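What follows is a set of structures for review.
The same chain A turns up in both complexes below, where it pairs with chain B and then with chain C.
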Partner chain A sequence: MVIFWIFAVIAMVGLAGYAGQVAAVIKTVRAGSKGTVAGTPPGQAPEEDFCPPISILKPLKGLDDNLFDNLESFCLQDYPAYEIIFSIQDHDDPVCRIVRKIRAKYPHREISILIEKCGDGLNPKVNNLIPAVRAARYEHVLISDSNVLVGRDYLRAVASPMKDDRVGLVSSLIRGVRGRTLGSVFENLHLNSFIAGSVCLLDRFLHMPCVIGKSMLMRKGDLEEIGGMQAVKDFLAEDYIIGKRMHDSGRRVVLSNYAISNVNEYWGLKKFINRHTRWGKLRWKIGGVKYLSELAGNAVFISFLPLLLSGFSAMTASLAIGVSAVKMAGDYYLGRRLDTGMNPLLYLFVPVKDIVIGCIWFVPLLSSSVVWRGNRYVIGDNSLLAPYPESGLWTLSTRVFNALRTREA
Partner chain B sequence: MKAAFFSMNLNNEEQAMKCPHLIKWMITSCKAAGNRPYVPSLFELKEYCSTTSHRKCPFYMKDPLSADKAVSCLASK
Partner chain C sequence: MLLCDFHIHTTYSDGAVGLRRTVDLFGQAGFDVIAITDHVVNGDNPLGKLAHRFRYSVTSDNFYRYMDHVKEEAERAWDKYGMLIIPGVEISKNHLTADQSAHILLLDIKDFIPACWSYEEIFLTAREQEALIIACHPHYMSDMSRDTLFLWNNRAKYARHIDAWEIANRDDVFNVVSLEKYPHVANSDFHRPRHLYSWKTLLNCEKNILSVKQCIKHNKGVAITLFRKSEEMKW
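Up next, the complex of A and B:
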């Protein structure tokens, strides 16, 4: 009985935190409907006609879902002057062939394909970005991931806050769209609830910069002042570090209310688990004790624990079902507000997804190594990467496992 | 296996028009893109995969078996 009440209280606290996330998302989205930009002081009109030339940097590796349409959406911007730099590390990467099709379709656009192997750092995305930043012709650079789909007015919306010289970085609200497999449905549900909610909560109520690298607009000069891409080449969470350093240098970090779509269509469950294990590890290394609050914030997972520990009863089942119902309703509401276009029946997966996320939560406490884009690293403080040690029993077992897997393949 | 099944079901005219790397099975995908099946966009399907222009597709040209045909096609133009 005591166990039940302890977990019931924690679940209620988690739901209260979740309500805060929902409120933060609504506040951010409403700011848009009134024609203001998130981060713009109340009463100050947004500047819609500020359109500096922008260099869009696209670090690419491999074939993401919906890649052609994602990249094409950047060629269709209603914006006076901009260039697109597709940055690729390897000539044999199949993405080269997609960008050639894009360039053939839009010959009038300023599109550059930059294929340059850069091994300066341990973060492969930053390695891909270093030559791109160098090649950028314009003062304003927009770093944008390959799995992002945007509307025609995206550049105008994100460029608008940069009119204020005090603004150093503009990031965007993210929504997950178009899930067709279980892994991608889980990913989209998580992006639209926990990730969007947390980013908005930190920005709106706690005034802490929380930048997600899917869309970052900066001035080249400001980026160079905080050390450039070279300064973050060994960090896993390079986006967070850039945002934090920009904030520490006295510049404002703004979350634009323009929701960009992160297209996840054919993800497997393994990819979902791998990504959130990796993100969990970096939040544990960056946030420390604050990471513990994420477990309490996962009300669904907490509400199912009494069922596991005390056995099935009317009370334990009611708690789990009640909390799950509230969470599903909340996520459905958030999905509607973010205009994700998800099938309402898919929200029935919310409790399962939250239980999976609750199980993943424990992994960062036990392991600090990550595999990202085929490379294995150990994460240190502030997500600083170090090469995975090449000695010891762990490495031997990994090598044996990899050798067996390669032979099977 | 699936590709073989579908290629058997296509008539001769369709075989001549469509890219041999295109797999139509619930979701239309391309098997020339690499290890992972690639889902072409509507533009790619219309511009390359479903027409004789598939020989100009960078994926088709990369494939060693079709590269010779692609080169001869471009040379004839």
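Up next, the complex of A and C:
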């Protein structure tokens, strides 16, 4: 009985935190970006336009769901002057074929394809961006991931807050759309509840910059002042570090209310688990003990623990079902507010997804390494990457793990 | 070089993805030429009858609707992605044993050809329609349930009718085709989204149906490539 009440109280605290996230998303969507005209409806540019020329930097690697449309959406912007730089590391990358097609389809657009191998840092995305920033012609640079789909008014909406000289960086609200497989549905559900909620909560109520690199608009001068891309080349969470340094340098970091779509259509469960394990490791290394609050905030996971520990009873089942129902209803509401277009029946997967996320939560406490391009790295403070040590106890544990995995295969 | 896949199924037969979404999947991935080749299954044995019953086959009844839909999608794909779509079918002679079974791709087909006809009739009629004839997965595959060995076992008799042989199908490579020095192509045998990442053909020719057919037939400027997503490299 004691166990039940302990977890019931934690679950209620988690639901209260979740309510805060929902409120933060609503506030963000309703109020508009800080620094923009208040009351601007989501997805609409403010009346008073500020349209400086922009260099859009697209670091590309391999294929994404909906890649052609994603990249094409940046060629269709209703914006006076901008260039697009597709930055690629290898000539044999399959993405080369797509960007060439896009450039051929939009000959009137300023589109450059930059293929340059850069091995300056340990973060491959930053390595991809270093030559792109160098090649950018305009003062305003927008870093945008390949899996992002935007509307025609996107550039106007994100450029608007830059009218204020005090603003150093504009990032955007993210919504996951178009899941067709279980992994994609999980990913989109998580983006639209936990990720969107946490970003808005930090921004609106705690006034902490939390930048996600899918859309970052900055001035080149400001970026150079905080050390440029070179300064973040060895950080796994380069977006968070850029946002933090921008904030620490006295510039404002603005979260635009313009929701960009992150198209995830055909993800497998493995990809979902891998991404959130990696992101969990980042948050553990960046947030430290604050990471513990994430587990308490996962009300669904907590509410199922009494079922596991005390066995099935009317009380334990009621708690799990009740909390799950509230969470499903909340996520459905958030999905509607963010205009994700998700089938309402898919929200039935919310409890399963939250339980999977609850299990993933423990992994960062046990492992702080990631594998990228076949190389293993250790994540340090603030997500600073270091090559995995070739000797010592860690290597032994990895060898044992790999040997077991090979044996299973 | 044109990135091509000449062996693709949709929900017109046993594919899991509808025609429009299939076209978008290939278009979004940057393909230059694809062929939609839904099954036309022989209805002269219980296996074939089952396929007809569960609508896993294009039939004489819906063939022209199928072709019209493919042509409609071909126009859209050309405008949107600059991707060429060739209408086709996969004549599927399914029998209980692999030795008796054979699958044949007919690309740029114009009229319906029943799969229960004799091989000679099928080849002759396809030739009259100026269709390209490709022998599919002619040798043993990793998924043994799909083996179709008839054409390979009878190659001495039928090779002269066949314009090209699949040297690779999805994840399998048939080195015997190379040993016989037959004209070759590599395809995905696409049924579901994950099959997009598989063996493909690269052609060095103009992007139009006639040039593509000539290029495959003469087998000059033809290469094969393993098309992969490189998931582990993403951030």
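The rule is simple: the second predicted complex is superposed on the first by the 368 of 409 C-alpha atoms of A that agree within 3 Å, B and C clash if a C-alpha of one lies under 4 Å from a C-alpha of the other, contacts with A are read in each partner's own complex, and residues count from 1 in each chain.
By definition in this document, a contact is a pair of C-beta atoms (placed from the backbone, for glycine too) under 8 Å apart; a residue touches a chain by one contact, two chains touch by 3 or more.
For clarity, every value in this text was computed on a predicted model and none was experimentally measured.
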* To do: State whether chain B and chain C clash or fit side by side on chain A once the two structures are superposed.
  => clash
* To do: Figure out whether A:214 sits in contact with chain B (first) or chain C (second), or with both, or with neither.
  => neither
* Asked: Between chain B (first) and chain C (second), which does A:353 come into contact with in this model arrangement: first, second, both, or neither?
  -> neither
* **Contacts of A:69 with chain B and chain C, given as first, second, both or neither** => both
* Who touches more of chain A, chain B or chain C? -> C
* Figure out whether A:283 sits in contact with chain B (first) or chain C (second), or with both, or with neither. => neither
* **chain B versus chain C as contact partner of A:105, first or second or both or neither** => both
* Asked: What is the contact status of A:371 with respect to chain B (first) and chain C (second): first, second, both, or neither?
  -> second
* Asked: Given the superposition on chain A, at which of 116-124, 152-160 or 206-214 does chain C overlap chain B?
  -> 206-214
* Asked: Across the two complexes, what residues of chain A are contacted by chain B and by chain C?
  -> 62-63, 65-69, 94, 97-98, 101, 105, 180, 266
* **Residues of chain A that touch chain C when the two form their complex** => 61-69, 93-95, 97-98, 101, 104-105, 123-125, 180-181, 266, 271, 371-374
* Structure fact -> Per the touch rule above, chain B residues touching chain A in the complex are 27, 33-34, 36, 38-41, 43-44, 47-48, 57-59, 62
* Touching chain A in the complex: which residues of chain C? -> 3, 27-30, 32, 81-82, 193-194, 227-235
* Structure fact -> As the complex stands, chain A meets chain B at residues 62-63, 65-69, 72, 94, 96-98, 100-101, 105, 180, 265-266
